[in-house]
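Here it is: the structure, laid out below.
A, B, C and D label the chains in the order they appear, each numbered from 1.
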Amino acid sequence: MSAAEHQPDALSALRDELRRFAAEREWERFHTPKNLAMALSGEAGELIEHFQWLSAEQSASLPAPEREAVALEMADVLLYLVRMADVLGIDLADAARRKMAINARRYPVELARGRADKYDRL
Amino acid sequence: MSAAEHQPDALSALRDELRRFAAEREWERFHTPKNLAMALSGEAGELIEHFQWLSAEQSASLPAPEREAVALEMADVLLYLVRMADVLGIDLADAARRKMAINARRYPVELARGRADKYDRL
Amino acid sequence: MSAAEHQPDALSALRDELRRFAAEREWERFHTPKNLAMALSGEAGELIEHFQWLSAEQSASLPAPEREAVALEMADVLLYLVRMADVLGIDLADAARRKMAINARRYPVELARGRADKYDRL
Amino acid sequence: MSAAEHQPDALSALRDELRRFAAEREWERFHTPKNLAMALSGEAGELIEHFQWLSAEQSASLPAPEREAVALEMADVLLYLVRMADVLGIDLADAARRKMAINARRYPVELARGRADKYDRL
């Protein structure tokens, strides 16, 4: 048995669990990429509502119950993201690594340092 | 060396890489939870734009270039999600497992089968 | 008295009422453009949740209570949009007319007919 | 001719123009409530991207070109909102007035003054 089999990746484990969860409930027909993109966007909206009236400082020091509520909203985003990737046959971890490489090219350290500008304005 | 050290979790690896990426560019002061929630929501908006005029069927059979564009948008959502979790000190994989357990209780198989209703309407 | 004074525009009336509403509650300091953009986005997320699992057909024939809930979510989006425009000193109706003119140039009837493609792909 | 006929409401005028715009391009079949909710959410995402890295103060004093770009993004949100209301047969101005009345009850001046809490926490 290889190391990879001993230590399944968190994203792969979630993907498998979500796949089983949907299959048991016969939810596959609802889980089109279009619908999942909507659900993900709805959860992102719920997440943002926790922060809309907070100052930057307040957002960085949430009281414990609020922080736990935020953690579960973030989990919702992740669950829909992982499920959507599975339905589309996309390797999310691989896509993230490829996007990181793109970002590294777009935002060279010496140009991007201390600046929040988009890459096409650097 | 343990198996866990040989096979670091994809989410932990991304978290560390994003932390380094932000530090090198002195972006920490932009990366408040509030701002990252906004960035995540903006990326969710970009993702949804790929699907807004597609039928359910079209959304499930994207042409390869479109599918790759979608993969990179999904990567953006993941990157901001992982970064936001790091800044908030939230263990994303753990939150996802806890949310899965909540969902399992909210959506019992026998009640939820074949239905898209929210748990409070089951 | 001119006709315009007899028939104040719905958007201007809402703007004035929202301004008074915020002033009475001393909410001006929360109503930065940044925060209002977040609130608007959160409401857009709540709106989308009503539609995420519906087919196109179902979305066009909502039961009355659901349709009323949707109407109030759409109202929330409008209220934050009008309030945000006021805070930014933007004339929303004028911006809409200007954007319509841009869209008319971007989507000529003969090129855009029956197609959902973005203007840069026509 | 009444004053109301001389001074058509901006929202009604937009609704009629959007209806004609869609009909000329044979876009009605794309304009399901579901799809329009997605398009609206996508535009809200584009709007928020303008503000994500700004401080509260910066967001309130946008340079003129940025402010114009924001105005046009806000116009996009309004256009989809008005179009969606038309397709659903919802009177947007009326829904906004009804929601304002609800908000006035939910947020009594004496309880809500200076507080950003949601009504169920007042």
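Everything below uses one rule, namely that contacts are C-beta pairs under 8 Å (C-beta built on N, C-alpha and C of every residue); 3 or more make two chains touch, one makes a residue touch a chain.
Small disclaimer: the values here were computed from a predicted structure and weren't measured.
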Inset, instruction - Check every other chain and keep only those touching both subunit C and subunit D; list them. - result: A, B
Inset, instruction - Name whichever of B-C and A-B has more C-beta pairs touching across its two chains. - result: A-B
Inset, instruction - Calculate how many whole Å lie between the centre of subunit B and the centre of subunit C, each centre taken as the average of the chain's C-alpha atoms. - result: 27
Inset, instruction - Averaging only over C-alpha atoms, locate the centres of subunit A and subunit B and give their separation in whole Å. - result: 1
Legend entry - Residues of subunit D whose C-beta touches two or more other chains: 30, 34-35, 37-38, 41, 44-45, 48, 51, 53, 55-56, 116
Inset, instruction - Name, in rising order, each residue of subunit B that touches subunit D in their complex. - result: 30, 35, 38-39, 41-46, 48-49, 51-53
Legend entry - Residues of subunit B that touch subunit A when the two form their complex: 3-4, 6-7, 9-11, 14, 17-18, 21, 24-27, 30, 32-35, 37-38, 40-41, 44-45, 47-48, 50-51, 54-56, 59-60, 62, 67, 70-72, 74-79, 81-82, 84-85, 87-88, 90, 92-93, 95-100, 102-104, 107, 109, 112-114, 116
Legend entry - Contacting residues of subunit B [partner subunit C, same complex]: 34, 37-38, 41, 45, 53, 55-56, 116
